[in-house]
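Dropping the structure in here first, questions after.
Letters A, B, C and D mark the chains in the order given here, with residues in each chain numbered from 1 onward.
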């Protein structure tokens, strides 16, 4: 079966982010979205450790230990960017001022519940960071993840079995097989990878899906 | 390219509808966005709910807006001043509704709206008439009142400098309600003395990042200070 | 009967404010305290409209409409002072960071309830400003007021008849007749104006008073 | 004359008692007050409750404090990191208590302590295991969790510049928890790269006014970066 590559997924997310958007890209896969944002489009990247207008990684040797992102990697600040403290930074998120958050996930439920911080393993040390703030911290929350686990189980589920990060918070899911909106009418398929039918996608996903109304969107 | 600058105060407030909740910055006249208020008066929106620390001075600015009977309700901490006669007469005539909020609760409720806080327990006003009918709670032996956020459709704010991304710095005590009101409104409109190039505001010094600002309009303050308030 | 003058009252309050104190002086009579703070003592005046390190009024012609105090009068900023927004300013107060607030009052009760914002007159337009925040906004709340109303009624009362500003918030009362601490044991007289006896003060006050334990303090 | 400067990190932390709650600034190593932490290790206080976003890296700073078994409990959002093996082994051995708090709730709870808020309703963590046992409420159709302030006996903070009144500015993202922790502790101790004259920090630019700071100690950062952490 053909699948979207990670770069294709990141490019697909980037396409949905318009000029002028305020965006937080979560750690891991979502970080790749930054590489696909067109340079001529002014987009404001937020990092929850107190940074708005985040630029690309600095050149080697130009790293500044006081200028890092939420993943604790060295970054730069664009002209026009700003620094602020943690309470102000999370107020920005919780207050709904970000247009988009893009997050990784273990599972997303049919109603948009998100599980992405803890596998529930008993001996695992729990660590949440900003995950729960990000989950509720944007007008639109996008999830980027593989459609299935390595063992082939669907990560889109009727009900999350992993501990939740947020309830009914996901708006759109980008996987290596499809782009799916979480809507009041159910999971609506916006796009499917080539050579995969809606019926086959629904079988792999294991929960009911809804066809997009526009015939141009899903094939 | 993102450019939040707008050419005139009139254009900046053109879409404020009847019935809107509008925050207006300023403490007394410091930080009062006079040109935006005048533009709002000219624009004609009515049935407004206004959030401001005071209820207008003399017959200019907010007082002029009140005098034209555009305001249904005002949420403020200190309506009564030596020169608040416009508000006073409307109030006595029953022509304006007043929600009186202690100044710090007003600030914190506005901040809460901007910060996505659903409600908070504040010690201010506990045991007083301004807490009547409100939920209270004793926490660690101290009395608190539950207060809810105040958000707005529009905020009209005055700042010193702004750039095309909407980044702002203020001047001295004119900062007052500007940064929190900017965070609490769906659409924040700012009049600045000077529109500066992107990068002219040091990122360490920025008080309001552009994420909280939708429109910036340059206003010549020399004009503002000398020109009689047309709408009064 | 001899009474402390307003200047004497202000000087007496000033004596109780040590170097390094963070202080908010309320509108009206308390403002006079600033004139009596010794110049060689570094004391930090806070004004709730967003100012710490407030200096004296500017020279005529030097007023700046953007630099005012809570009474909306032009002031100056000392070297080392700071500006901040209203939420930060009231956080400073509510969070208990000020050492002293000095306030005027209509009435103070035996248990330290304060009434200073509203006379309760039905046609009066209510206006509270920062009064309620100030009442709960300092480690020590000082009240400065005449001991009696113009008609001779005591302003120190068993229970306030005017609408309250704050409950059990006053720590010390400075009047034109005495200095009185609000303590768990009752109103303790720290100082009385010359030629007035404790008994006479208690009669005028109309509520039970307690003698200071130190004989040097009350006569 | 008020002079909050202290000559050495050791003197600045000398009176932190056993059992104290100590906030430590920093996000990872940015803003981490390493010299103050080392001084605290040398000082010997134990049975501490530490508030920090993380739970230490490698074997220096906070990790070194943990390794010496001085910490009874840690309140943080993200203890597990690639190099958090000191914490990991203590946790698995049941030798340290963990209160896990979502990062934004951690920040807001610290801010609430500094701002005198008794408790607040936050949407973060609603419906998740981290809200279990906590009071919840639906406000305007949205679920919220009631969270309480986190205050401390001491805060150890790193800033860029400070003056004798305790006024501070920070550097880039090293600002992170500094300003809010400074407001939430009874005694805030700050290590700065440079002690400056009063007036050298512009009043418009000051991030932490001295009211929140009790002690300032100058630390040579060049030393700090090159010198091996003695206490590790």
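Throughout what follows, contacts are C-beta pairs under 8 Å (C-beta built on N, C-alpha and C of every residue); 3 or more make two chains touch, one makes a residue touch a chain.
Everything numeric in this text was worked out from a predicted model, so none of it was measured.
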Discussion item. Quick check: more C-beta contact pairs at A-D or at A-B?
Written reply: A-D
Practice prompt. Give, as an integer number of Å, the spacing between the C-alpha centres of subunit C and subunit A.
Written response: 55
Discussion item. I'd like the Å distance between the centres of subunit A and subunit D, where a centre is the mean of that chain's Cα atoms.
Written reply: 30
Worksheet item: Once you find the CA centre of subunit B and the CA centre of subunit D, what distance in Å lies between them?
Response: 34
Worksheet, complete the sentence: Among all residues of subunit C, those touching at least two other chains are 77, 83-84, 90-91, 93-94, 136-137
Response to the item:
Multi-partner residues in subunit B (2 or more other chains touched) are 108, 111, 115-117, 122-123, 170-172, 204
Worksheet item: So how do the chains connect up here, line, ring, star, complete, or something else (other)?
Response: other
Fill in: Interchain pairs in contact, sorted by label
A-B, A-D, B-C, B-D, C-D
Discussion item. Going by the contact rule set out above, which residues of subunit B touch subunit D in the complex?
Written reply: 108, 112, 115-123, 137, 139-140, 142, 144, 148, 169-172, 202, 204-205
Worksheet item: Once bound in the complex, which stretches of subunit A touch subunit D?
Response: 47-51, 64-68, 72, 77, 83-87, 89-91, 93-94, 113, 118, 123-133, 136-137, 163-167
Worksheet entry | Touch list for subunit D against partner subunit A, complex | 27-31, 53, 77-81, 84, 87-88, 91-92, 98, 100-108, 110-111, 122-130, 143, 170-180, 207
Fill in: Residue ranges of subunit A in contact with subunit B within the complex
19-20, 22, 42, 44, 46, 52-53, 77, 79-84, 90-98, 136-137
Worksheet item: Which of the residues in subunit B end up touching subunit A in this complex?
Response: 1-2, 111, 113-117, 163, 165, 167, 183, 198-199, 201, 203-204, 206, 209-212
